[in-house]
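All chains are identified by letter, namely A, B, C and D, in their written order; residue positions are counted from 1 within each chain.
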């Protein structure tokens, strides 16, 4: 499918909000791909981390929000530690998660979790998980 | 066979050239083959014969063994013949008794897969060259006067800089420009990409400096019609538009700085073939960005004169396309595109610039930072992918491209499209090259003598190259190259006379019948019938020793020094009957 | 040496063995850890959005409490708590406006000025106690037990904020373990992420991440993997049952807290170290290496 | 020589004898003016002497360089001072005075014949900087067999006589008695009318690239080290052997932008030459190891230059070099392999290559002494330490100080043809100046545009 790119799209309110919430300039990314190269969770992702920034640059925020990638980011900071342009990708992912949940509600339904496993998890796993997956 | 004193104390020096030769050719076997060669007193090898220890080895052997001839089996004579001859001369041997057996370009490199055959061929090549040395005469070079005045062809920034640097040393310069005004392509530019300095201001400074130099004579609306002569003594015929008589000028050196053209839009059918008014070239964009340009510095669509809001820049329009257009990279487009996109955004704060690219080539000082700033400060959106199609759709220009980074096909309805069309040689570059007798590549860019170490010299002595006539380059590089060409001219002019190689043609008056077949055969116009004697004469200064005259001479009266028919026959003989030839010596 | 100590939620519940061994090991080295009065949860993740003032209040409150109690250092064992507290502190020091807002929000008598230093126990042991003192105290020692030091994310990144070690070539835990008499093995993934909280919703995502670390440590010859983070410990330990199902040749590797190894090296009674709560029981490996010799398993 | 007291001196000082300094010196000397050429190392040729073959023609570097070094070494107008550094420069255009410290070589070069007996018999071997640590040299050494001048120096830090007080083998075997252990540094004062700075570059320190192994993984080497492996006169005689175990690597990964285009962690600029030399490396590797596979990780392939794009396409098409668009994130040792974690942003996949060897195209950085010389001369350097042009668009070889010119990679990363052109351009400035002085000897200084 051919995607239409326009000034309205690349300068959309969504892009502005993501930049504001994340505190990041998405245009700083020049797509060297180092984030994608080192991401330890990439195996589970449907898009690579740099492709997520790419979609935001193109103003295709909706596609970025649909991607499972944002939920698989563990904020491990590997990408940010090595980014040549100092783009804090974990913050961008956080902003996308917040936006996704504002639009669609929580990503985690506690009732659906495996009860047995639930009893096993350490406290911090819950707290962290709930903070990332719920509003 | 002539009864002259033949070389009979010959030294053979075989170079390994690291692994370049030794990796293929069996050097010990080669040395063995000449161990008992009559007249060959020395046969030794060394890793790099051209290095100081290698040269020292040759000098020592010449002295110790009183050698009267030397064969160096190594790389092509164009590389090191001069080196080895100079070296031998310093050891007291006549340099024209030194010959190169090319066992690299003509042996090891081309037969790398068959070492045995390569070794046999190396031996044969060396054998013939030894035969040649036996018959080599001891020659003396002669000198020619130098006209210390330069001709610069092309009045763009390259030509201006070269003229300035030559004139600064006090030498007269003739600057010939085809157009009515100096400045060339730089006069068409808006600003440079480092700091947006106005190209016009920069050019004005250079022109001011030019006017302050009494040594420089500017001939506008003029073209070089023909060239005769040789390094230090060229005669050039220049015709000014509208004048009947061309003027003839004497110069000692020439700098060719004729600049570039752009690949024509009409030859890019998928991009509208020049028929969509709002698809323009980079130079047309420059014109709009120039404060003194047709729009007073405002970017306006050619179709309706309105300012565009969305502008798409398409790089590699005709470049990096061996199938349809030019295979090479035009080098300057990435940077001027970034500059134009930034300038557009500064002019139109609510506008959006898009750049389609394959690779962003912002090499060079400050260039990468400049492009990054375009993305961050002007928020120019770079899209990695070559545009496939551009067409008009109402008052929009549709651009079909791809973003290979997100893996999507994209479409932009733009108001204006700027094509970074390929930098190509001037249309008539090849004709000029023929007139000047310098080489061009397959595209028509002038060829340098060596891509690494002799970037501003042509293969014709006394003719130097500067700027985009030699290949796409930006302004700083052009200025450096122009300065470099000037340095070569100044080196030449530091001497009052030049040394000329004596390995040229001569006419044996006993054999010449003055048939004059050789006169048109000579590509250097070095031959004239004698005013009253029935022979043809050779202008030694013009003769380059190519041998065309010897080929056509029915009487074998035209001969090349140290390439006589006897010599060549001896070389052939020894090749086909080595045993017999050996008996004969 | 006396420090205020922040145990954190997990060390009070799921990781009591970590808590106990940390305190005992510290005590054995003459380090007194005074539990911070009225400590509260750090929040488990450092807030990453810019509208994060309220999210910072939780962790910041612990810093304020430390300052009010007259402490200049807050010692932390849990790598996650350490990361969150330290980043919070760093953020407040760099953003005086946020600090001011927080002070107003917390309404404490003394406004906090960023004076507390958040430090990890590894840092205190290695730099305040010193490796030489640890080496002297390490009797009976670890007897050449082959240990892979695992740092994960929280002890290392972001480097300029955490500043505990070189994020690409960390060595502080290796140095400590070596001083304890362990043979530290070299393996490439000591700073790779284990999957962290992804396990809560998507264990299938954290599995390959943990596998990468465990298998590399195992190939390098490790008998035990050492960590400083309860979440890493959990992921790396708990997931091994699944890894065994998925990869036929997978060899289990016990995952321990570095403080548990300290206790053993110092000859302390590991009774309360909670070995029985580990999914991969470390005791056989320890016994095999002779480290549990003489100590009765509970 | 009697001149008016303030007559400017038509004598040039060129600092640095790499290809830039040599070219500038030759252009000036060939025009009849004397040149003093000062080089820090024992012999001339600079970085180019370390290269194997050159792009895009694959001419062997040694073959095209040696005639130049020999020419410089024997030029009657060039006063060559190697193993020496400029310590101080005073004065003004036309009348610079430079103090040069020539380090004690421990060998009397005036009587040394360069026979090499001392080098052969020296019992001490140390890693060779010239071979980027991949090969070894003796404690008395020349940089290469083709060195100009071909005279050895004693490395006092490693020489047994200097460190332990005994040995003196070189002294015993020297046929001319040239060994002089007690030789002292020599201070030379020279006067010059104009100066050209051509001090060259260094490589970004790999130990600062933690994620790429920080120099700790032996089979991760720099591009310049790979040049030495490719070089027929290098430590492996041109055979591709990896440093850890001497085996022929079957899969080699080339990583571009190692320290370049990285404003956050390293250098923000593009180092310009890496794309071409990496394409050359990959190509030459495939020629030497026909069953090997070469991979190149890149962000943008920057093969702008005459016949460069065509060269690149040849590497891809004929030598089947696989280019992967993405910056490498991590390199680590795993058993006998060097594992490279990268991405192919074009297919949108993370990739991992278990390579036998990795070559890093480390960033070009200025030498620290360039900044020192610039300060001495009162000329500017940029934020990184590269020399600053008077105006990059108008006067790329001039500086803010009249009479002081610049050339080569000390000004910024660039390839050999550009360096050579720039060096000649700097020479042209000097030649114009000198010619003016000769025409109008009473003029102290003629301004330059």
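One rule holds for everything that comes next: a residue touches a chain if its C-beta (ideal position, glycine included) is under 8 Å from a C-beta of that chain, and two chains touch if they have at least 3 such contacts.
These figures come from a predicted structure and were not determined experimentally.
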**Q.** Geometric centre: closest chain by C-alpha means
**A.** D
Q) Count the touching C-beta pairs: is A-D or B-D ahead? A) B-D
Q.
On a C-alpha centroid basis, what's the spacing between chain A and chain D, in Å?
A. 45
Q: Round to the nearest whole Å and give the separation of the Cα centres of chain B and chain D.
A: 26
Q.
Taking the mean of the CA coordinates per chain, how far is chain A from chain B in Å?
A. 54
Q: Averaged over CA atoms, how far is the centre of chain B from the centre of chain C? Could you give it in whole Å?
A: 67
Q | Of all residues in chain B, the ones touching two or more other chains | A | 360, 372, 405, 407
Q. At which residue positions does chain C touch at least two other chains?
A. 167
Q. Which residues does chain A have that touch at least 2 chains other than itself?
A. 30-31, 43, 50-51, 78, 85
(Q) Going by the touch definition at the top, which pairs of chains touch each other? (A) A-B, A-C, A-D, B-D, C-D
Q. Can you list the residues on chain A that touch chain C in the complex?
A. 20-23, 40-41, 43-44, 71-72, 74-78, 80-81, 88, 90-91, 93-95, 98, 107-108, 113, 117, 120-129, 131-133
Q) Okay, in this complex, where on chain A does chain D touch? A) 30-39, 42-43, 47-48, 50-51, 78-79, 82-86
Q.
Touching residues of chain D toward chain C in the complex: what are they?
A. 210-211, 214, 216, 332-335, 339
(Q) Give the list of chain A residues in touch with chain B in this complex. (A) 1-7, 10-11, 25, 27-28, 30-31, 50-51, 54-55, 57-58, 60, 85
Q | Residues of chain C touching chain A in the complex | A | 8-10, 13-15, 41, 43-45, 48-51, 78, 80-81, 153, 156-159, 167, 191-193, 195-206, 208-209, 212, 230-231, 234, 238
